[in-house]
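Here it is, the structure in full.
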Amino acid sequence: MSLLEMKNIRKDFFGNQVLTDINLTLEEGEVLGLVGENGAGKSTLMKILFGMEVIRDTGGYEGDILLNGQKVDFKTPFEALAAGIGMVHQEFSLIPGFTATENILLNREPKKKSVISEVFGERLDVLNRKEMTARSEAAIEKMGVKIDGTMVIHDMPVGHKQFTEIARELSKDQLKLLILDEPTAVLTEKEAEALLSSIRGMAAQGIAVIFITHRLQEILDVCDKVVIMRDSCVVKDVPSSETDIPEITRLMVGRQMSSVLKTEIRDNPDAPIALSIRKLWVDMPGETVRNVNLDVREGEILGIGGLAGQGKLGIPNGIMGLYDAGGEVTLRGEKIPLNSPRECLNASMAFVSEDRRGVGLLLDETLEWNIAFPAMQIQNKFLKNYLGGLIKWRDEKAIREITQWYIDELAIKCTSSRQKAKELSGGNQQKVCLAKAFALEPGFLFVSEPTRGIDVGAKSLVLNALKRFNRKSGVTIVMISSELEELRQTCDRIAIVSGGRVAGILPATESAEQFGLLMISQVK
Amino acid sequence: MSGKQNSAGKTVFSFLRNNTVPLMFILICAVCIPISGFSPSYLLNEIITRLGRNAFLILSLLIPIMAGMGLNFGMTLGAMAGEIALIFVSDWQIWGIPGVVLAMIVSIPFSVLLGWVCGKILNMAKGREMITSYIISFFINGIYQLIVLYLMGSVIPIAHGSIKLPRGYGIRNTVSLLNMRQCIDNLLAIRIEGVKIPVLTLLIIALMCILIVWFRRTKLGQDMRAVGQDIHVARDAGINVERTRIISIIISTVLAGFGMILYLQNIGNLSTYSAHSQVGMFCIAALLVGGASVDRASIGNVFLGAILFHTMFIVAPKAGAVITGDPMIGEYFRVFVSYGVITLALIMYEMKKRRQKASIGAQLALAQKDDDRHEPGIGAQPSPARKEVERHE
Amino acid sequence: MNNKRKWIFRGCTLLFVLLLAGLMFLVGRGHTVYIDNKTLEYNGESYSALERSEVWINGERLSKLSKRDRTMTTTIGNSFEMKLINTEKKGDDPTEVVVKLSLPYSWDGILVNIPGYLAGLPQEAWLSEFIIEPTPMEEDAEEPAGEDDIPTAEF
Amino acid sequence: MKEKLASFVASFGLPRLIITGFLLALFILAPIVGVDLPMQITNVINRFSWNAILVLAMVPMVHSGCGLNFGLPLGIISGLLGATLSLELGFTGPLSFVMAVVISTPFALMLGMGYGVLLNRIKGGEMMIATYVGFSSVSFMCMMWLLLPYHKPDMVWGMAGKGLRTTISLEGYYDKVLSNFLQINIGKVSIPTGALLLFALLAFAMWAFLHTKTGTAMTAVGSNPTFAKAAGIKVDKIRMLSVVMSTWLAAIGILVYEQGFGFIQLYMAPFYMALPAVSAILIGGASVNKATIVHVILGTFLFQGIVTMTPTVMNSVIHTDMSEVIRVIASNGMILYALTRRSEVSR
């Protein structure tokens, strides 16, 4: 009997299929490597297994999960924990001011009773520090990597924090299955090696491990079998000894391209350089950019792709001044000062942010305001001047006209131009963001994740609108997206960012494997 | 060599920066004490009296800080509960130490109720606990007035005319506590060279300190520290965050009630409608003067703060009078200093949060420079501070 | 089972606190005792005041009462003890009497008549409640200053 | 129908409904218990005219996302400086009012700018720090009122010949200059036209400002600062502007208040002046991040209505003056209600 069996797991988020008929088995003491592009459905699958609230809040899932042959359905992570499933998430879940020991035993501390706790309840039991030390040391021992139990978390190097988290899971006696979500992403090479050997050690003790990573070599090194996911399906489930990195890469990203759009892709190596980026660093949390050099040609659509967290989003956000950045950026020969959104906009650059609700929209204001606002502020459009320009009065009529024009042009579904932005659906909100950028009549446009979180129909509308805008008015566009397929459909050239740097630039016609290799080339 | 000096300079600088407020106060006191011309024994006497009077109240602030709820301006609620208990006890004519003990017992249900309400409301206003608890203290003050001024004597039985307003209901502006005045302070009190030391009071305070130290070592104390440092992690670990926060406020309120009773037994009379109104502000100022901040406070801060703050309080009017010839200047000066110190502490706390955020950019720029040098190396590790800061935003 | 044990402990604590409160009610009740050296009329008979009576409490002399004098003291708890050194007539030798009283709980002010006590009369003759007329104090009944208060110096 | 009512209550807010209902009940009760209604109405209108500008001062900072301006006393201090200096320099009559406005303006601008710089450095903690900035500045000025070299005999303590008095009568200066300007009397009701006109003027200016380019930017900053930043707005500058505007309006507001009240109140008087203004605008329907001129007018009217009507009506009904207590509970309850709402910007 298998330790874990997942049968025909299906899940959709509001009609958007994210998992289709997933089947998976795992034996005691087996290490399973789970790979796939971002958005392939890995994390959703793990969330289902771990009973995360977000799954139930969005309508639950279909299919069965069997643990030791028994059907289980976890309502909360706590139930999953009780059943012996542990998970180490990508973000640390540690109390910064506590020692490793205190974190390992967080909310599971051994206690001593006293008279006072008899009266006021067991929360007034005194912690049994000695026992705590013993238990945490046992867990650290089990992990096989030496860390100092008395060290306070915020003084620790990142790797040790990661190990603390793992030790916490190991300190749970009932642990049978451990899920590690990109645990090596923050580790140095040495630490990663230590972790891999500790995974082998755990497996030897009979603990099954699900190991999610983008570093394929690690998978081959440590896993018994590899499960590759793509587009919400398992595309392959093989013993790791029977496969190699090129095959995995191909399976991860490989897809048949729609030939219809291929014809529209053009590559013009002689076009002058529109935007040149040198030695760019950006401090965007989770999307750090280090030392990026990149040239964008006049009139093209340049795609920037790469795995999540590798820094592709940091590039536009840094250049447009939303996050601290340094380096040199020149637009058509003129230097653009960094950390100043105003200067960028004045230089006729525009940006459609990936964070629609946080950055892209005034949710509580009307569509009119949303679309007209930047153009009004930057270019003094839609204003009536009184007293020789002393008073710049909002020209409501002009604002309504331009809004109406874009509503028709981009087919934005709304009750009127005065509807509040928060009342629109995701796809229509995205169109409003585009309209906002178009209204600036930019000479250079950054578009970040234009199709994130919108349905298929809206996706092609948005992408078409972008392409049309580029081809019609010749505006240079840099489009950032996690979906390689989408980039290959829309862009002329595609740059792949990995580890905060540009790993390479290829024409959009290049094969998927090539892109895939670039994506994982410098992953850390 | 220079590096060594540099690092020594840095430690001195960071020491200065972390202890600005206490150092400032030591300076103020050092200037004002000689000017005021008070004798050392007088000063010592006053300081010890005030320490005994206030330390318990200030101690009540520690637990919400531990639970990450900031300075509990709602401690006024506990003070009001204590006052209501004292009104009852003095109406029942229970005197002396039994009176104090009874008042403490009677104050508990009021404190728990008020603390629970306060905690509930603060849970609805996460992220702006301080301003909310501050407004709660005003709101409950209104309810307190309603009860004491209109309901006592008309709905709630009050027997003795001596504490009632002449109109037949409502409590007088001052209630005499002469019969329990300093009963605790005087028991076991000893005099050393003219300085009276209220041993029992100090013992009670010491006991309270031990209790707080013990509390930190309990499961509940550990949970509170966890909740205070990272509410999300604590919740993920299965700690009932809301309940823990409410309990911390309830404990603080109950302790503030006890503290207020001890405070008033020393004063010897109760200004029914104003005794509590400033108590929160002065206690918070004293704690901050001791070097505490919005997110960190220790028992040491309490005592250092109480001593420094009250030294300033005693000498400022006299010193002001000597310098400017107007005694009111000193009065206003110490009020200004109390508010100023809270303002300063709040500002420093917010700025520290921002500074932490800003430091990461600098680290990246530095890594970039390293990068250039070692090109084409794989490059710097992600900065270790990274993830913490993300979470703390 | 565990729960039951918890509630037993809690119940005991609550009981203890309530008992403590009750005890405080008993031992902490404060009284004002007035001691009179006045001629007492009782059942038509007259018990004349002493020439002089010294009142001692806890080894300290409270006061010296001449005829028609009255003194007062406060006491906590319901038992009251004092020592009287009496001189009945001018020139008599002083005699010492220790007076032990159990004070009625509900009376705030208690009046003790020495001649009546010394004559051995029944208790209601020499022990009576003393009620002070609540003197209308000139304290103004105006609104409390409340939040508009200037922070006071007294802290 | 029931649902409609429920959604109306939800959008209007239960506390607001109770307060409005309470005031309505007062107005209905007033004639029944024999209160002089015209006089009460005159009172309400007068107090409205004194306070409305102070409430209006809340608007810019709410718009720019700085929250409720608990630091109002800072602006009030600028107004007091203007008032006392105007008197000290020997201006009398209506001119003294104009000069008070003129003199207080630079103070308001300077203090407002300093305050703005501070608030920009502590984004997120504005309200608490604003409260304490207000308190510290008031207590600082307490010392200054004593120390500054004022000499005018009717302003300083008679005995010492220096140090300003706690209250200074404005008779002969600008006592009621606005209220009496174009005053209209209809029966027993008298309307302080001048004061109302000044408020109308400032309210109109505020409304107009919010319709200009900069005003639009201010609203956007308050609605979503990141959006504004991405659209090239200098967020800090706009916030600073809003703080300066608020401070200046508070300075003008206190001068108008004084002309109606007839006295300058110094020392601790400005201490709690922020709270009534804050609760007034909240009662009017504003929230921590949305406020309009309508909220100002409605809120001031409701708040002042309760403050003036409760004492008299309550006194006639139950022969007890509970107005103070009711005011404290209602106004602070309103602020609490606003603070505990989940911030109404949807993110």
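For clarity, chains are labelled A, B, C and D in written order, and residue numbers in each chain start from 1.
Here is the rule we go by: a contact is a pair of C-beta atoms (placed from the backbone, for glycine too) under 8 Å apart; a residue touches a chain by one contact, two chains touch by 3 or more.
Treat the numbers as computed from the prediction; the structure is a model and nothing was measured.
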Result of counting contacting C-beta pairs for A-C and B-D, higher pair: B-D
Innermost chain, taking as reference the mean of every protein Cα atom displayed: B
Gap in Å, rounded to a whole number, between the CA centres of chain D and chain B: 31
Centroid spacing, where centroids are CA-atom means, of chain A and chain C in whole angstrom: 80
Separation of chain C from chain D, taking each centre as the mean of its C-alpha atoms, in whole Å: 56
Rounded Å distance, chain A centre to chain B centre (Cα mean): 44
Shared-contact residues (touching 2 or more other chains) in chain D: 324, 328
Where chain B touches two or more other chains at once, by residue number: 138, 141, 145, 149, 335, 338
Junction residues of chain C, two or more chains touched: 146-147, 150
Of chain C, residues touching chain A in the complex: 5-6, 9-10, 13
Interfacial residue positions of chain C with respect to chain B in the complex: 17, 20-21, 23-25, 27-31, 74, 76, 108, 134, 136-137, 139, 141, 144-147, 149-155
Residues on chain A engaged by chain C in the complex (per definition of touch): 118-119, 121
Chain A-facing residues of chain D, complex: 208, 211-214, 216-217, 219-220, 223-224, 226-227, 229-234, 290, 344-347
Residues of chain A touching chain B in the complex: 77-78, 91-98, 102, 106-107, 109, 111, 117, 122-127, 154, 156-158, 161, 186, 188, 279, 281-283, 285-286, 288, 290-291, 324, 326-327, 499-501, 522, 524
